[in-house]
Amino acid sequence: MAEHDDDDALRVAVLGASGRMGSEAVTAVQQAAGMQLVAAVGSGDSLQQLIETGATHMVDLTVPDATEENVRFAVEHGIHAVVGTTGWDSERLTALEQKLAAHSEVGVLIAPNFALGAVLASAFAAKAAQYFESAEVIELHHPKKVDAPSGTAVRTAELMAASRRAAGVGPSPDATQKQLDGARGATVEDIHVHSVRLRGLVAHQEVLLGSTGEQLSIRHDSFDRASFMPGVLLGLRTVAARPGLTHGLDGYLDLGL
Amino acid sequence: MAEHDDDDALRVAVLGASGRMGSEAVTAVQQAAGMQLVAAVGSGDSLQQLIETGATHMVDLTVPDATEENVRFAVEHGIHAVVGTTGWDSERLTALEQKLAAHSEVGVLIAPNFALGAVLASAFAAKAAQYFESAEVIELHHPKKVDAPSGTAVRTAELMAASRRAAGVGPSPDATQKQLDGARGATVEDIHVHSVRLRGLVAHQEVLLGSTGEQLSIRHDSFDRASFMPGVLLGLRTVAARPGLTHGLDGYLDLGL
Amino acid sequence: MAEHDDDDALRVAVLGASGRMGSEAVTAVQQAAGMQLVAAVGSGDSLQQLIETGATHMVDLTVPDATEENVRFAVEHGIHAVVGTTGWDSERLTALEQKLAAHSEVGVLIAPNFALGAVLASAFAAKAAQYFESAEVIELHHPKKVDAPSGTAVRTAELMAASRRAAGVGPSPDATQKQLDGARGATVEDIHVHSVRLRGLVAHQEVLLGSTGEQLSIRHDSFDRASFMPGVLLGLRTVAARPGLTHGLDGYLDLGL
Amino acid sequence: MAEHDDDDALRVAVLGASGRMGSEAVTAVQQAAGMQLVAAVGSGDSLQQLIETGATHMVDLTVPDATEENVRFAVEHGIHAVVGTTGWDSERLTALEQKLAAHSEVGVLIAPNFALGAVLASAFAAKAAQYFESAEVIELHHPKKVDAPSGTAVRTAELMAASRRAAGVGPSPDATQKQLDGARGATVEDIHVHSVRLRGLVAHQEVLLGSTGEQLSIRHDSFDRASFMPGVLLGLRTVAARPGLTHGLDGYLDLGL
């Protein structure tokens, strides 16, 4: 729908505009250079707004029950989509890829995490893990979190373990013979993961890598959900140039080093 | 024996002089201002050397089987003693105090840890723990360590727990409902303690304290056993002015704030 | 005025109740056990409210022009005062002490910083600085801050320098011969202080102390001004038991170690 | 010379074998799987030893005055070379490339830093710097270091600045109006760099990247020059498969992410 665009600005609709993330996105799009907010769509509103307002891009920050239909509608109408809603299992992703095959000019980004720092930290940790003898993860969160370790820490550890396996690196050395139950943390595919819960914190993760005489630490601190907006904007700016489905914001980052 | 001391220098004998710690102490005493090394006593050597050389002070860095007799000998001959050897259980300490009662001018320091930073970190952590909602400990060591958590971390957690109990502070908030086994670490009297083992590290400990909107972190890094020597020298300089038994180097530090 | 207090709750008036800090204090007092908010006094309101509502305690979070009169009124009417407003120079403090001499049962706390973690970090840093060869300070703040280093960092460095002078410790060793201008930071009485400005941060400070083979780091992170409220409440709970003037929240903390 | 090699082990000569780094390399090669130490060449020894012992690979850890001739000799005799000696200016590099053009099967690696963690940290920092509003560097070293900032910190900052320029990112926001001289550190192409000197430390570097609501920190700690050996061994294992000149160990790392 770029042809509707008089002034080269992306014409962006935000779906889920009244939610916490959605309202942040509304503000971020309004303030971003090169973008125009054309629709803020709430939960009861009709998707026809996207057509009527000439949206070229949409951001979906709704709920798992609504996101699939929203994205399908976008694809069918040639609107590029940046999606932060969860609930995209492999069945849904397969159906979406089939739909995209018939609309080969449309780009869709589905990203479980829009914090650039978190995405980079995870990618760097996976890359570096193969070069060190020892690798562990510490994640630290506010004390209202119900699961431990965090989903991000588990995924980071899995990526690190895969990188080490591919390079033929064995498990981290560990001579522990006598321990208090739990002292050495949880084990995710040979990677020890420790979960701290502390009032005052939000969401933090530190990857520790060690070899004889040296340590590499990669830490990400997330203080506020405003940290997701630069990633959303990067997604909007890139999605039209990446037709088809991209899963994970790292696919849009220039990570060839 | 200060009356034997012509030039005001402390006349120091090092016992266990051929061990790793002992040989460091020999060097440290030789280089220290205001001290003179008068005897370096090895495992087969006679304690009569202390008398013959006019030692006013001794450092005991021997083994649990020898330390009690060494210290008793020192006390009986009016020699002040700084002791880093382990093995001083409550029975031995009681016997020593009785011995000291009959030699009221002699000072003895028995210290499980001579690293000033470690002693300060532990004291600060205990003091601060009562003022925060949340408190956890992370200790990080080389991967050849056989026990987890470290003895220092356990003692630090116990001191923190005691400080919180005395102030009527309850356990740290924790909403964890679902966890991988071990994720939340070991529990030492309500304090969660996490043990990292990483090639390249030596001995490190971080105490994390959190309340709404703020975090206080106290970290000690021990890179080398040379870090014990300033504490040994401080002990030697102070022990004559503190007759009787002092347990723990913190007793010599000016920690009234 | 505790005799007016039927139920043992402190009867608290908040002055400056419509300001940012004041409105946080209103909420904090309302939610605190053992306290009752009896007045929320705005900038145009009469101080007679304190009398009419039977306030036993007041919190002053107003402006430098108003605070002196507010505190004088409180003292004259036997109301204990916890003061976070700046502007108390030595002249005002002297006048206040004279006033308090005539009202010997009243307590006043004037505190430049109510964040318990910041107060403890500063006290610990000052105490520890005398035991290490090297001492430096890094402070990190949001990029809208206009002064560098922060006032807190300057005061911390001054306290550390005083502690080192008193113990006869010389300047930190430094062999730098060739430097880019500014690389070694600012110098506050022999202590190097480095100021980082980074989007995403709020207010953070790290004190680094080093000797051969070891490092002690004391870090405080302030994420939110809600972190001041525990200190305000601690002040309110303690002030009646500390008649006369106390300057600095550390005077109320149990810092004898 | 791999054809001389009965058992597939690399036949390695170490030049500069009596120096600090060289003697570490001798030990590392002796202990490494798949390698055989065939010559430990000191400063007065003849390079003919490389021929006589059938060396297929050499490590040059000598001095700037000797390294050029050593490497030329190696290239002329078909010996792959891994070089850690400094002094390779652009003139020498150009001459070496001409020499290599006539020996197209020979590989040479010239690396200013063999610590894998340092190389990775620098590459990650450069990559990530383009995605954050704010970027600063803190380097921390032992107090005997004569230059500030460290050469590594300057190079890291230059790489970060280049990455930001290429992506059109402006300077980090900074509202500082009033500062003590030096507080904001040195400036390397718009990147602020802070140098800490602390007894007990060796060589450490932390890159801080911040955007609204998040921070990414990448820290490398070098505790011991033993940390260079894994990089030397990686160089030896890879150099034969990379004919021609490679400058920087990062050229051998799998950094495509």
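Chains: A, B, C and D, in written order; residue numbering restarts at 1 for each.
The definition used in the following text is that contacts are C-beta pairs under 8 Å (C-beta built on N, C-alpha and C of every residue); 3 or more make two chains touch, one makes a residue touch a chain.
By chain, with names taken from UniProt: A, B, C, D = 4-hydroxy-tetrahydrodipicolinate reductase.
Here the structure is a predicted model, which means the values were calculated and not measured.
With contact taken as defined at the outset, chain B and chain C are each touched by A, D. Think of chain A turning onto chain C: fitted on CA atoms, that turn is 180 degrees, to the nearest 5.
A count of C-beta contacts for the chain pairs B-D and C-D puts C-D on top. Of all residue numbers used where chain A meets chain D, over half belong to both copies. The two sides are thus made of the same residues. Comparing the CA-atom centres of all chains against that of chain C, the greatest distance is found for D. Centre to centre, using the average C-alpha position, chain B and chain D are separated by 40 Å. One simple way to say how far apart two chains are is to compare their mean CA positions; for chain A and chain D this gives 34 Å.
Chain C and chain D have Cα centroids lying 47 Å from one another. For chain D, the set of residues touching two or more other chains reads 132, 200, 209, 211-215, 221, 223, 227.
Taken as a graph of touching chains, this assembly is fully connected, with contact between every pair of chains.
Across the interface of their complex, chain A is touched by residues 115-118, 120-121, 123-124, 126-128, 130-132, 209, 211-230, 250, 253-257 of chain D. Residues of chain C that touch chain A in their complex: 200, 202, 221, 223, 227.
Per the touch definition, chain D reaches chain C in the complex via residues 132-134, 136, 138, 140, 143-149, 154, 172-188, 192-201, 208-215.
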